[in-house]
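The letters A, B, C, D, E and F name the chains in turn, as written, and every chain counts its residues from 1.
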Amino acid sequence: MRGLIIGRFQPFHLGHLATIKAALEEVDEIVVLIGSAEQSHTLENPFTAGERFQMILNALDDAGITSCMVIPLRDINRYAVWVSHIESMIPPVDVVYSNNPLTVRLFSEKGYDVRKPPMVQREAYSGTEVRKRILSNESWHDLVPRAVVKIIESVDGADRLRELALDEGSES
Amino acid sequence: MRGLIIGRFQPFHLGHLATIKAALEEVDEIVVLIGSAEQSHTLENPFTAGERFQMILNALDDAGITSCMVIPLRDINRYAVWVSHIESMIPPVDVVYSNNPLTVRLFSEKGYDVRKPPMVQREAYSGTEVRKRILSNESWHDLVPRAVVKIIESVDGADRLRELALDEGSES
Amino acid sequence: MRGLIIGRFQPFHLGHLATIKAALEEVDEIVVLIGSAEQSHTLENPFTAGERFQMILNALDDAGITSCMVIPLRDINRYAVWVSHIESMIPPVDVVYSNNPLTVRLFSEKGYDVRKPPMVQREAYSGTEVRKRILSNESWHDLVPRAVVKIIESVDGADRLRELALDEGSES
Amino acid sequence: MRGLIIGRFQPFHLGHLATIKAALEEVDEIVVLIGSAEQSHTLENPFTAGERFQMILNALDDAGITSCMVIPLRDINRYAVWVSHIESMIPPVDVVYSNNPLTVRLFSEKGYDVRKPPMVQREAYSGTEVRKRILSNESWHDLVPRAVVKIIESVDGADRLRELALDEGSES
Amino acid sequence: MRGLIIGRFQPFHLGHLATIKAALEEVDEIVVLIGSAEQSHTLENPFTAGERFQMILNALDDAGITSCMVIPLRDINRYAVWVSHIESMIPPVDVVYSNNPLTVRLFSEKGYDVRKPPMVQREAYSGTEVRKRILSNESWHDLVPRAVVKIIESVDGADRLRELALDEGSES
Amino acid sequence: MRGLIIGRFQPFHLGHLATIKAALEEVDEIVVLIGSAEQSHTLENPFTAGERFQMILNALDDAGITSCMVIPLRDINRYAVWVSHIESMIPPVDVVYSNNPLTVRLFSEKGYDVRKPPMVQREAYSGTEVRKRILSNESWHDLVPRAVVKIIESVDGADRLRELALDEGSES
């Protein structure tokens, strides 16, 4: 059986990893879709799909997980055809794991078996929280896999985020 | 003579119906353009163009109005060519009915006869108000034609809106 | 019951009209989708969606047919989501009438009842033939409804086609 | 040597002109990129690229500056390929002048020599401030070159902005 | 070290498999990019990205190859930014394997190590040849991995291709 | 008075230069629009907009012509709004110079003063001819301004064209 997990992974954190581990108790392999793949260099979406891809790859590798396929997916911004769009791009899946209400709704409307993964420390393990802490120079290393720290550092991610924050007040 | 009425119709309400009736006192037939046709499943645009199309169709049918053409239109988000875009898609119109300042301005700049329909109970008869009431479980049936109630119920529209509201706080 | 007929209608000809008439023996109303609505001013697609819309409108009017909805539809060029795209834009249909193999296949794959309308003099009643005759100044008026002749003349359509033909050899 | 200056120029003001003059002390000619060229008729982007083009053209002409190339550029909204996109559209440049943190970062990441022009009265000489004053009917003529006043008046820009402001509260 | 192989894989054939095997003698893992991912249901591109994905997945699985990442990639049709586009979507690669002159040129211009894999029976092991044989009902099973035969049969691929061939002569 | 000349300039040749010179006898300045700006690295469109821009810039400079504005313009592929699109991007023009029938028609339909520049040795001075000669290694230097030869050589343009020609027979 094959499962589907969709996220923006800005960045990939321990909550994502826990969800994947939990799902792998129920399915044999998992398609990990990197949503909003075309987005990068914004406060909400600081990292490119390539960078996020590598975070996930290395983190799964460190965790000894080999049964995931990672796929970047550009947005189409038309929810009425979104599920069809995804279906046309990936191998068929049997289960969708998501706590996102819109994702839950759209896949349910198409008859999918949608399951809510247990939320692990949701307030801390969230992309929003990680980005906030990076920005405000608080400790964030314990919220993400070790491999993610390395990649964010290698692309100078903290500085990137802080510069993007300056951008808010300026006019492009 | 042919008139043009543009709206998002999220959903089609009694104010829209009143505008159409008033306009039909001046013109023979009306092109009803469903704007933002590609949008759906968001708090601002919960219904698909197909669902909105059917609302209008059935409501006009119930009201015995047969001289309307309903046409869904995808946004192009380039206001400088917006009127040209519309002109290339529909049969020619003589009058544009709108209270929307941007629509008024863009069609006026191109020399159209733009008329402001009388506003009927604008505070209640507005898409924003209807969506707010559906969301907060207040009474909304009296703001829309009977046919619209049926369609919203048949697509489980109230639940859809409430789930989309949950989505605000979550990360996709 | 509602039927669907899809075409580019470049231009609308008597074969199209015959198909609509035949379909109306089986269904109550018909959605007439004008495909490739964004195309115009090319040899294959000389007329704008607006011009084609008016051809159909006037021809149906002359024929006393009132149970058709005409809708222009922009291409999306992604066949895997094409049916979903159409479904999200129009009211639901029960039957699809088409002799186009791709349309037949795509709607059949989604479980639609697809019926092939009888072909009436296909070699003459085809858009390709009409455009060829206009270009080569042969008689073409008897291939299209009277209303279509008028509209093509009013937009100077024969000259447009001939000038577009010159364009083939030149570099833009 | 050739420099690059990117802006939205909504509208072109004296701060922009000062930046160009300062840059021309260091380089021989300047490419002036009009960003968000497809945007117009919104509160943030009231003027078309064509109108902005003419503002810059006339202002530079009045200032006796002849070594600028003005180029409108549509957004692509994919920052990861933004610099490549620009490189493919314009002649090569040696220096980029910008105070915008995102622009600074993206061009720096590609190895460009990015220089921050001195900010001249930034609080007053900003597009936001000019638009605010036009809207609230405060004095704004002294913030922009004389030629810009003329063009804004010729396109009835103040009225346009005020009508667009009305639009905020209404539903399209 | 990581290699990159780009193809449309319409369908995945034994030549593709040989290329992957040869490349894996030089690199540790390979990114297999499915180009033109948005295309399907045409004579040149009969299979969806999802179908092609599954072909590759199963064929690699049967061959005992575990060090490949398969990624569908939509076209952007702007060759000047194509390499940047790919770089932003995938993890970094060290070598590009390609016999396609355009791919070779574009990656070479960006300084990549581009290597030409040995061509194995190019006249037979080509997507064009496989599609031709399917269409003309010649033997084609020996040109593709066993898993690909199964998937093409499960999606009724031969019929799909033949119907699409009919489409050539008809007007959409 | 301001004139408009539109071309793809693949590459800019002596016929283009003659047209500009002839037009400058009638108007004060000229907007030179580089069409299909997003295209490059194909047999029909080998050069990027940036490269073409520089060809024109340097050739005009050598010819002592200072009254031209060069602007790259991406295609929109919707002829019905094409003129509106151009109008929204550039300063207003009084005359359009073109021998291209489609351009002539579209601008004429909008009421522009369209003039046909005298054709100078059209069979030789054409982009098609120049590209053909480069490809087949015939003499082509005498068909283009000296500056264009230099730029094509500096970007290794002949090799690029020849490699792209190989691409015809291969599958991407």
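Things worth noting here:
Keep in mind that, in the parts below, contacts are C-beta pairs under 8 Å (C-beta built on N, C-alpha and C of every residue); 3 or more make two chains touch, one makes a residue touch a chain.
Note that the structure is predicted; figures quoted are calculated from it, not measured.
Counting hops only between chains that touch, chain C reaches chain E in a minimum of 1. Rounded to a multiple of 5, the Cα-based rotation taking chain B onto chain E is 180 degrees.
Here chain A and chain D face each other with different sets of residues for the most part; under half of the interface numbers are shared between them. Interface repeat of B-C: among D-F, C-F or C-E, over half of the contact pairs recur, by residue number, only in D-F.
Spacing of chain A relative to chain B, judged by their CA centroids, is 36 angstrom. For this pair, chain A with chain F, the centres built from the Cα atoms lie 45 Å apart. Centre-to-centre, using mean CA coordinates, chain A is 27 Å away from chain E. Contact with two or more other chains is made by residues 38, 40, 48, 50, 78, 80, 87-88 of chain C.
Under the contact rule defined at the top, the touching pairs of chains are A-B, A-C, A-D, A-E, B-C, B-D, B-F, C-E, C-F, D-E, D-F, E-F.
Taken in their complex, chain F has these residues touching chain E: 38-42, 48, 50, 160, 163-164, 166-167, 170-172.
For chain C in complex with chain A, the residues that touch the partner chain are 78, 80-81, 84-85, 87-88. Listing the residues of chain B that touch chain D in their complex gives 6-8, 35-36, 77-80, 99-106, 126-128.
Of all the residues in chain E, the ones that touch chain A in their complex are 37-38, 40, 48-50, 53-54, 57, 66, 69-72, 74, 87-92.
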